[in-house]
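You will see subunit A twice below: alongside subunit B first, and alongside subunit C after that.
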Partner chain A sequence: MVNEHGQLYTIEGVAAALIMLFSAYLVLGATSVYTPGDTHISDMQLEQLGTDALRMMNTPVNGSSSTSPLQDILYYNGVQGQFDGTGFNTLFLNYVNNQTGSKIDNAPNGLHYNATVSYYNIANKTTGTLPLSTNRNLTGGEHPVRVTEWVIVNKTFPGGGGTDFKPRAVLVEVLLWRD
Partner chain B sequence: MAGLNDDAQWIVLMGFVVSFSLFFLAMLLNQSTLVGQTTAEGVLDFPKNDIRDVKNVITESSQYSSDPSKIAILQEDIKSLALSRKGAVVTYTIIPTSNSTDSHKHISIHYNNGVTEYNEYWTSL
Partner chain C sequence: MTDDAGNLSIDFLAGFTIFLIAFIYIATLIPGLFIGLQSRTVDYDAVAYRTGVILVEDPGMPYNPAWETLADSHKGDMLRFGLAVSKDSPNILSSQKVDRFFCRTWSYPDDYRSRVIFGDYPYLFNISFQQAGSNLTRSIGDNPPDEYGYIRRVVKVKGNSNASIDDSKIRAYMFNSSDNVTTDVFSIHLNFTNLLGDEPDPAYQINPYNDQIMVNISGMNVSVVNKSLGAEAQHTTLEAIQICRSKPISTNPHPPVVCFANFTSPIVDNKQVDLPYPIEDNLSLIIPPGFITTDLADANTQLYFNLTFNHYDTDNVTLFPENGYLNNTGSGPFEYTYDPKNITLPKLQDGVLEVSVW
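Up next is the complex of A and B:
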């Protein structure tokens, strides 16, 4: 025998259950879980850091200087195929590790990089790459980001044709990672 | 069904209305997180630094615009390296001024990496 009393209580119970379920849904949905697919967020921060450092290096230090530190590093007295890797190492690590309260030594924040210079070989009509500097060998297990900076430098590159110094646009590429 | 009490029909109806509205609100919330995610990824994928960088080098190269042979080398460098190392088609033209009293430089810049296309007509200060 079905008793039809208490309908209001039943409805109230159903409404309360819905409200509780909805609250639980909201609470669970508000927590963010850091999934492997979200690594692009920290990648983006690292990429911005490296880009800013390279941009600072490619800016003349004051109004009286016509060349930027990065141009001087690449020029290296015009020695073909070589660059001032030590100077790049010091300046780049200074900039990327330049934080309040941090002691600047060899990568205190665990930042490592591998820098190369890409140029266009006019004679072969190919692009070549020359090593610039690195403070850690790439082992293949890293998860680096690539940051680049275009530099115009008055220097002869392989396949440049002749010895006259003409301005060349080269691409400084830095693989930057943290471990 | 003879003894069924048909009181409180309004309350039952309101209960349905409330539960359905809650359901649709939950659907909206669910969609909003998805939309936020795809929007954020779209912003991250935009090659902001590439465009700024290539614009920077192009405007810097315009200081050699008085020497066509130097500009030709720089243009070839930028075009080839952007294509082979950055996967982007970059072309630019330094537009000669028709008016002799115009001391500004005019450059038309094109950038296309297959996803993002960017065109700019740059005029020096």
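Up next is the complex of A and C:
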């Protein structure tokens, strides 16, 4: 005897299957998910920009120049523990805000930074850090990228060394972020 | 009695067939479905980054002779555009490469896509460059749409060296003849050992193979003797430029200088001219990048460009003797070296390069 147990109701089943498939297709196709992995793109762009800026600041303008602008900023007439922060601020923002087709403006991209100089304290055998310049203080909510550049400076740093004017290698470290 | 147990119904067969067809169809669509899950700009940003690296950190291919010195007829030999002076000096661009890259002889996008963008996908792009202190933005490509990949690179552009010789230098170096002569010769010396060895950093090096060599001379006849007594020639021509060289080898470190060719169409006063060429009081001579090849001069060669000047009377035919004109036959050649007293060294200028890909 024929009964209907275990049978599909054809029209309803097919219709439901098609609707489900079509819905799944629409949902998957229409969604553009900003995955956590994508955040590295803007970080990469900012990191590249900062690295380029520091590298260019540490490049002398011609072969007869013995020092780069960044070396002059750190040397600052040999004053111990201090640097030309104003000079760094102007030059660094000029580089990172420079764009084609427009004049240099110091805040079109909402870029902020905090720069420090790290050195080796020979007396204490520790690493010391001195402030260089900043255009906004870090509050803890930012997501900065870190860019660095090794610079040779003919200057004395805290903890001695360099008094005989032997050049010192110090690390300029910049935390860079956008609003 | 007929038993129906174990039979499939037509309904089930129809449903299962549709399901299988749909399943296979969807399975083939799965790779395409998940494209939407990827951020659209991921690939574009990666391509923009790669393009930026190629342009800013790579000198291009071929390197020697450099791609920017090849004529348009040799487009097929240019494999990769790169603007860096050398692979050892990232972010330092060559002004010659930049000029060649943005020249209008290339067609967008095909010529650029195969040499700097790469990839199978037909990307569109915009590459723009601006030098500090200039309002001129040089760019190729269309305006970017709303979504595109992007990278910005901060660079420096290596300028050209040049020598400026004025009348005070001519007299100080005794670059003027003391005899009454109808032909004066002024020699410019390129010491390759010195030019390539004394400055190893390609960012500051004067590289005669890839860089422009420029000599500006002014006041060439200021020191001509007895002008008021009519002892000055009415016409002077740059008659010829001889190319001479001395190539030391281990067995003969000081071989004689041999003149072996003529520079027949030099760039004088910023235009290519045929010799003889009439000269007034000033002269600007350019030896363009790519003119000197490794066949012409290797790294140990002493290369000389001997400029010959003829003086003529008013009829422009009869040679006219003159005393005191530019001539360094007796004092020795002008040394094109890193001495800042002789030449202006190459200077680096700030610039910015942006790449957008979509």
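In this section, the second predicted complex is superposed on the first by the 139 of 179 C-alpha atoms of A that agree within 3 Å, B and C clash if a C-alpha of one lies under 4 Å from a C-alpha of the other, contacts with A are read in each partner's own complex, and residues count from 1 in each chain.
In this text, a residue touches a chain if its C-beta (ideal position, glycine included) is under 8 Å from a C-beta of that chain, and two chains touch if they have at least 3 such contacts.
What you are looking at is a predicted structure, and each value in this text was computed from that prediction instead of being measured.
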Check: When the two structures are overlaid on chain A, which partner does A:Ala169 contact: first (subunit B), second (subunit C), both, or neither?
Finding: first
Notebook entry, point to check: Touch check for A:Trp150: first (subunit B), second (subunit C), both, or neither?
Noted result: first
Check: For A:Leu111, is the partner it touches subunit B (first), subunit C (second), both, or none of the two (neither)?
Finding: neither
Next item on the list: Could you look at A:Glu47 and tell me whether it touches subunit B, subunit C, both or neither (first, second, both, neither)?
Entry: first
Note to self: According to the stated criteria, A:Ala15 is in contact with first (subunit B), second (subunit C), both, or neither; which is it?
What the structure shows: first
Check: Which holds for A:Leu132: it touches subunit B only (first), subunit C only (second), both, or neither?
Finding: neither
Notebook entry, point to check: Thinking of the overlay built on chain A, is A:Gly29 touched by subunit B (first), by subunit C (second), by both, or by neither?
Noted result: both
Next item on the list: With the two complexes superposed on chain A, say which partner A:Leu70 touches: subunit B (first), subunit C (second), both, or neither.
Entry: neither
Next item on the list: Go through subunit A and flag every residue that touches subunit B in one model and subunit C in the other.
Entry: 7-8, 14, 18, 25, 29, 44, 48, 55
Notebook entry, point to check: What residues of subunit C sit close enough to touch subunit A in their complex?
Noted result: 4, 9, 11-12, 14-15, 18-19, 22, 26, 29, 33-34, 36-42, 45, 49, 52, 90-92, 128-130, 132, 137, 139, 150-156, 199, 201, 203-205, 338, 340, 345-348, 350, 352-354
Item checked: Touch list for subunit A against partner subunit C, complex -> 1-2, 7-8, 10, 13-14, 17-18, 21, 25, 28-35, 38, 41, 44-45, 48-49, 52-53, 55-56, 59-64, 95-96, 98-101
Check: Which part of subunit B faces subunit A closely enough to touch in the complex?
Finding: 3-5, 7-8, 11-12, 15, 18-19, 22, 25-26, 29-30, 33, 41, 44, 49-50, 53-54, 56-57, 60-61, 64, 69-70, 73-74, 76-78, 80-81, 84-86
Notebook entry, point to check: Any idea which subunit A residues touch subunit B in the complex?
Noted result: 4, 7-8, 11, 14-15, 18-19, 22, 25-26, 29, 40, 44, 47-48, 51, 55, 118-120, 122, 125, 127, 147-152, 166-171, 173
